[in-house]
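Note that chain A is present in both complexes that follow, paired respectively with chain B and with chain C.
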Partner chain A sequence: MAKTTHRRLAALALSATLAGLPVSGLAEDLKLGLMAPATTLDPHFTNAGQNLALSAHFFDTLVTTDADGKFIPGLAESWKIIDDTTWEFRLREAQFSDGTPLTAEDVKWSINRPATIKSSTASLTIYTKAIAKMEIVDDRTLRVITEKPYPLLLPDLSNIAILSKKAADGLLTEDFRTGKGVVGTGPYELVSYDPENRVVMKANDDFWGGKPDWDNVELRFLPNDSARLSALLSGNVDAIENVPSTALASLRSNAAFSVEEKTSYRFVFLFLDSGRETTPGAMANDGSALDSNPLADVRVRQAINLAINRDAIAARLMEGLAHPTTNIVLKSMDGYVDALQPTYDPERAKELLAEAGYPEGFRLNFHATNNRLMNDAKVSQAVAQMLTRVGIRTTLDSVPFSVITTRYSQGEISSAMMSWPVPTSEASFPFRALIACADKERGWGLVNWGHYCNPELDAMMAEALTVMEPAKRADALEAAVAVIGAEMPIVPLYFQVSTWAARDGINIAARADERTSARIFSTSE
Partner chain B sequence: MLSFLVRRLFGGSLVIFVTVTLVFFSVFVLANPVDVLMSNTTDPAEREAAIARLGLDRPVFEQYFHFLWNAAHGDFGNSFVYGKPAVEVIAERLPATLELGLLAIAASVIIGVPLGFVAGMKPQSPFSKAIMTGSIFGFSVPYFWAGLMLISVFAVQLNWLPSGGRGPTTSFVGLNWSLTSLEGLSYLVMPALTLALYKISLIVRVTETSARTVNRQDYVRTAHARGVPPARVAVVHVFKNAILPVITVLGIEFGTIIAYSVSVETVFSYPGMGKLLIDSVINSDRPVIIAYVCMTSFIFVTANFLVDLIYAVLDPRVRQSISGT
Partner chain C sequence: MSHDAQNAMSLQTARSRRTQAAAKLVRAFVTSPAAVFGGVLLLGFLVLAALAPQLSPQNPYDLEALDLMDNMLPPGSELGTGVTALLGTDDQGRDLLSAILHGLRISIVVGVISVLISCIIGATVGIGCAYLGGWADTIAMRIVDLQLAFPTILIALMLLSVFGRGVDNVIIALVTVQWAYYARMMRGVALVELQKEYVDAAIAFGASRKRIVFRHLLPNCLPSLIVIATIHIANAISLEATMSFLGVGVPITEPSLGLLISNGFGYLLSGKYWIAMFPGIALLLLVFSINLVGDRLRDITDPHSGFEGQ
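Take a look at the complex of A and B:
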C-alpha cells in the first residue's frame, strides 16, 4: 500500500520534471551502506582498509589495482624501469578539485608525507621506506629511486594517496576533520563528513577519468549486519558491502536486487607452533607433558592438512563464500603452484600421525578469533572437530582478536586460526610476514606465530625479490611456494569470498581487495 | 544547606576518583594496545617508537601519576585509534546519545507516569490491570528483539521509517545534532521507542506501587474525610508524594541510557557512545575507555546530586533535614 503510493508519487515527480525542465539527465544518486567507518579523512594517517577505501573517492594513487589485483595506471599514465633501482613515472594530465593542475612536486610531497605523521599506530611508511629519493625531471615526470632492487614498488605506491601540496601543506591529521586538505584528483568532492555516521560527496566534473557515474554519493556506516541488510531491503541505501551469508540465498532469488561475489585476496590459515622445542598447548592424551613438540614433525603438520575437509567448510558453514586452497596466493597471482590442491584424506592423516610416533594422537589447544573473520567461531569449531576425528584431541579457545594477540605475546599459542591478505598479488608478502624466520632487522617474520624458521627457504625468497624481470620472479616464487607446500609451516584453509548487493539497476564491479567505494558501482541504463 | 552541598561535592569527587583509578589499573589487564593497533607488518623500530610515544614503556605507576596530572588539567590523552583527544572523540558521539536518551526518557515520563498513576489509584479496574499486564510484557521483551521487530515492520515492510543509522545532522555549538530536521527525527523514532519500551514499563510499575502506597496513608484518608475534592486529593496529596521515588529512578535511568544503550545502538547501527565504549574495549583504546568511564561516573554523580536537590525542593522533610545538619 505504502509502496504503491510512493511509486505513484515518484512517477508524478518524474513526469513533472520531464515536462518542465530541459532534459539534462536526471540526478543519479548513490547511497552506500558500509561496514566500518573510516577513522579520519587524512589518507596518510593509518594503514586501515576502510580509510584507504574512503580516500579512494577523493584521491588517486600513482598506481592502482584492477578488480583482480593487477596493477594498472592511476595518476601515472605510464612508467618504465630505467635501471634496477630507478623507476620513471609519467603523470597524466589531471587537476585537483580546486582547479590547480597536478604536478610532480605534489606527488613527491605526498609520498614524503606519511613519514611526517608521528601519531599513527599503523604508519603508511611501510609503503614508502624502500624509496631512497625522488627526482623531479619535469612537471609531469618523476623518478623514484629505491635503495636496492625492489620489484614491489608498484604495490607499495598503490596505497599512497596523492594530495595537493598547496591545499594540505602543514596540515595535521586533526585538521582534516573539517574537510580541510581534502583536495584531490579523484572522482568525488567532499560535501560533509559526520564521523561514524555518514560522508556526503558530489561529483568532481573535472575528473580525469570522465564524468563520474554518480552526481551525489552518500556513504552510511552500518556495522551491524542486520541493520545493513534491512537498510538495503527498505530502500534506505542503494547498495551494501558484506552481505550477511544467511541472507544470500533469499537476496539472490529476489529480482529487485542483484548480488555479486568475488574471491578476495584474504586467506584463512592455521598457525602451527613448529619452531619451539616444546609447545605449551600440546599434551599427551592423559594430559601429561610430551617429551617433544609434535608440531615440529612435518608429518604431523601434513596430517593436520589432510584431516581438514575444506569443501565441507566452504559449502556448509560459509554458504559458498570460501574458496578452498593449500596455496598462499590466488591462481591469478605470482607464486601460485598448480600442484598444490586441497586433499581431504583422514585415513592417510592417521597413518602419518602413527608414522610420526603418535598412533593414539595427542591433545592440542587451538585458538581462534570470534569477532574478526566471517563465521570464524563456527569454522574454528569445525576444524577442531575434524582434527579430533583423526586423533588430535583439540580444545578450542574462541576469543576476541585483542585477547589472541595478547596470548601470543605471552607465548601461549600452540595453534591458531588467523587470516592474512595478499595486497601485492604475489607470494612474498604473506611469506615474509608469516613464514620467514623472525628477523627484526630485516622486518621479516614479524607475525610468524609458528616460530618456523627455514634459512634456505628465506634465501630463496630473498633471491626472488631481487629479480626485476616479472616472469623470472614468478618462477622463483613458485619454487619457494612448492617448498612451503611440502613443509606446511602454516596450513592454508581457504580464501574468503567478498559479497556486495545492490538494488536492481545498479552494476557492481566486484573486487578482490575488500575495498568498497562508489567507484565500483554504476548504473546499468 | 552549604555544608550539605560541600559534602555531596566531596563525596561525588571521591566516587569519580576511585572509579577512574580502578578502571585505569584494570585496562592494563586488557590486551596490550600495541598488539591490537599496530599493523603487524610495522617496522620493529617504529613499533618501539610508537610505544615510547604513547608512554606505554613506562612503569604502570608512573603512567598513572602522569595520567592523573594530565586529567586534572582536563587532558585525557589522545585516542590511539582516532589520533585526536579522547574527550573530543567522546564529545563527537555525545549528541547522538543525548538525543536518543532524552527522547526515550521523555517518552517514558509522558506515557509511564500517567498510566502508572491511574493504575495505582484504581488498582481494581480492568484498565489498570491491563496496564500492569502490559508493563510485564514491556519489561520482558529484550531490546534487540523489539528493535528487530520494529525494523522489519516499519522499515522493511511498511517503508515508513529509516531502518537504522543516524539522520543528517546540522552543527550547533560545535557538535552535530540530528533533532533539527524532520528527517533526522525520523531516524530516532524506532531506537528511542525501543529504548523507551523498557523504561515506560519500569516507570509505570514504580509509579503504580508508589501511588498505591501513598493512597493508603492516613493523611490521604483524612483529606477525603475533610471533604477535599477527590481530584485535589489525587494531585496535591497523592501525586506529589508518589512522584518522589519515580524521580530517583529517572535519575539513575538517565545515566544508564547515556552510558549503556549498547544493544539498541548495535541493532540500529546507531553511532552513539555505548558502541564507542565497546569498540574501544575491543581495540584497547585506553585513553577513550578511561575518559569514558570518568565521564559516565560524572554523569551518574551529577544525576544523583540533582535528584537530591529536586527531593529537597519537593519534600519539606528532606529540606529540613538538610538545613538541620
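Take a look at the complex of A and C:
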C-alpha cells in the first residue's frame, strides 16, 4: 500500500518535473500540533517547558538529555571535572545559522544573559546562580567555576540555550518577537512566528548534527484536545502531542496512525497542609472546628496514602497513562527507594485514622485543577471518592489553575492535587521545591503548599548536594527519600505518561521530558 | 345608557371573560394530541424528579456510595454493591439511572425557580414602566436594551466564571440573563391593556393606583406571562445544561444532565455510548415535552392564531 503510494508520488514528481512545474509539495515537510503555545522566541525569558521545547529547534545547549533524561553532550563535545568546583567544557566545531563560528565567548555571554532579564516571572537564573564565574581558556574551551561543590551543573546547563553574541547582544525580549536574534546552532531556522498560533521554520543545512530530517517544519498551537485530535485525523497536521486519553484506544487500533508513549518525569501528588496549627479546610463531621490540624499527624497522612487505589486510577481513568508511585523520582533516577511501593489498604487506613483519634474520620476540603493535568477533574473526583470511603468526607473544589494559586495565596488550601517535574533526574529537585522548609533567600520550599518543615531532612538533602561522587550522592539521596516515605509530607500518586501520535510513515522518539519538537520525529524510510 | 353604566358593564365583562377564557383554554389544549402527549410526558418527568431519591438505586451525589472499580460498565451490569445499573455507569462508577433522575431534579428546579424569579422581577419592572412612563420607563428600558444586546450564553458564562460553580449560582446567573426579556414583554402587554376600556372604567370609579395595577392590570397580563414563561423554562433548562457542559455550572461531584453529557462526550469515540447518550435523551425529551405544552399554550392565546372568538 505504502509502496504504491510512493511509486505514484514518484511518477507524479517526474511528470511535474517534465512539465516544468514546481515540486514543492514533495519536500519532506512536517506539521506538528502542539498543546501549549510558546509565549516568546527569547529562549532565556521564561522557564516554561513549551518555550524551551520551541527554542530547541533553533538553539542548542551545552549539555542535552537523551530520551530517558540522561545527560549527553550537546554543544560541548566533552567535559571534565578539574576540582570540586571547576568544570571544563570542550566545545564542538559548530557554526551559527548566519555563518559565524561558535566560540567560548558566545557560550559565556549566553550563560550570563538570563540574569540580565529582569522582567521575567519564571526566571532561568535558577539554572545559572550556582555559577560563580567563567573563564575562557581558548576559543573552544570554557571553564565554569561554581561557588560551592555543585553536582547539578549539567542538568542546569541543559536549560540554557546558546545564542550568537554578535546577533543578540543588546536585544530585549520584545525584539525577539520579530525574529531578530534568533540565530542559533540548531537544526532549524526561523521563517515566521505568529504568537498563540503557529511557528514556521526551515532546515539549517549546515547543522553540526547532519542534515535535519525535515526541510520545512510548521508548529501549530492547538490547546483544545479534540481540535488537536481532529487536526491529526483529518491530515491537517502530521503529528500531535498529548493524545486525549479517551481517544487512545481507537487511535491505537487505526493502522493509518502510530502512537508512542513514555513515562514522563512529571509526577502528580497531593499537598497536605501539615505545617499549620489549624487548617481551614479540615472540620469535624458535624462541620464544627477541630481542636488541631489532623493533617499534622503522620498517621493521618499515611492513612491518606493507603486509602488511594492508584492502580484503579491508572487503569480506569488514565487508560494506562499513569505510572503509580510513592517515590518522588522514577526508578532510573537518583534517590529512588525500592522499598517504597504503592499499597492500597483501606482497612489499615481506617485503623490509622482511629489511632490518630479520628475513628469517625473528619471532613476535608480538597482542591484540584480542571485544566492543567491529564484528566485532572476525573482523577481528583476519584481521590475524593476513595478518601470518603475510609471516612475522610472530602469536598472537591475542581477549579482552574489560576484560581488554585489565588486561593493558596489567601491561605485557603488544606489539600490539593498538583504536579511537579524532575528535570534533574534526581530527588533533590522536587524536594527543594515542594518539601523543604520555606526559605526565600535560599530558594528552597518555594512551592511548599503543605507548609511542611523538617530541618533534619533539609540538612540531609543539603549534605547530599555537596557530594560530587555520583554513587555516594545517590546513596545520600535515597536515605533522605526513605525519610520522606515515612513522613509523607506530600502523597505521590503517579508519574504521568506522555503520548504522541503521528500518521503512518513517521517515527516518534518518545521522550521523558515532555518536550515535543521536530527533533523527535523522523521519516521511516 | 349613561356613560358610567357602560363602564360598569365593560368591567363586568372583563371579569367573566377571564373565567370563560380559562375554560376555553383547557378545551382548546386537549384538542391537540401532540400537546396532550407533551403534557403527559412532562407530568411523568415531574413525578420522576420529585421521587428521585426514592426511585434511585444509588445516591449519585454521595461519594461514599461510588466505587471507581464500577466505572464505565455497560447497561445492565451489576455493581459491587449488588445494584444493577440498568443504564450503565459513568467514569466515576455512578449509576446513570440514578444520576439522570437526580439530574432531572436539578434541571427542573433550576429551570422553574430561575424563570419564576425572572418573571417576578420582569413583571414588576415591565408593568411599573408601562404604568409610570416618563423617566423611569426610559431608564429601565435602556438598561433592558443594553442587556438584551449581549448574547445570553456570554453573560451567563462570565457570571459563572466569577461566582464559581453551584446550583444557587447557576440560578442567579440565569435570572440575570432572563429578567430583561420578561420586563420588555410585560411592558408591551401592559401598555396594550392600559388602552382598554375597563381601565378607563376603573379610573372613572376612582379606584386607587394600587388597585388598578394589582386587580386589573396584573391579572389581565398574566396569561401572556404564563405562556411565555412555560416556553422559557425549556430555554432555562437548556442554558443550565450548556453551562454545565462548558464546565462552569453545577459542581462536578453533583452532575446535572448537561454535566453528565459533557463527561460522557469524550468517550463517544471509544464506543462507551451510554454515558452521554442516556442523559442526552432525557434532556431532549424534557425540553421537547415542555416545548410541546408551551407551543400549544401560545397558539391558543395568540389572537392571530384563530382560536380567539371561536
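Assorted remarks:
The working rule: the second predicted complex is superposed on the first by the 499 of 525 C-alpha atoms of A that agree within 3 Å, B and C clash if a C-alpha of one lies under 4 Å from a C-alpha of the other, contacts with A are read in each partner's own complex, and residues count from 1 in each chain.
Just so it is clear, a residue touches a chain if its C-beta (ideal position, glycine included) is under 8 Å from a C-beta of that chain, and two chains touch if they have at least 3 such contacts.
Every value quoted in this text rests on a predicted model; they were computed, and no experiment measured them.
In the superposition on chain A, A:249 makes contact with chain C only, not with chain B. Within the superposed three-chain model, A:126 lies in touch with chain B and out of touch with chain C [touch as defined at top].
In the superposed model, A:363 lies in contact with neither chain B nor chain C.
Contacts of A:266 after superposition on the shared chain: neither chain B nor chain C is touched. Contacts of A:316 after superposition on the shared chain: chain C is touched, whereas chain B is not.
With both structures placed on the common chain, the touch criterion links A:222 to chain B but leaves chain C unconnected. The partner of chain A that touches more of its residues, comparing chain B with chain C, is B. Comparing which residues of chain A touch chain B with which touch chain C, the overlap is empty.
Partner chain A is touched in their complex by these residues of chain C: 63-64, 66-69, 71-72, 91-93, 164-165, 247, 251-253, 266-267, 269-271.
Of all residues in chain B, those touching chain A in their complex are 30-44, 46, 50, 53-54, 78, 80-84, 92-93, 96, 148, 151-152, 155-156, 158-160, 162-166, 168-169, 176, 266-269, 271, 275, 282-284. Within the complex formed with chain B, the chain A residues making contact are 2-3, 6, 37, 39-40, 45-47, 118-123, 125-126, 129, 173-174, 177, 194-198, 220-224, 226-228, 230-231, 233-236, 371, 400-403, 405-406, 408-409, 433, 440, 443, 446-447.
Contacts from chain A toward chain C in the complex involve residues 244, 246-247, 249-250, 309, 312-313, 316-317, 370, 377-378, 381-382, 384-386, 388-389, 393-396, 398-399.
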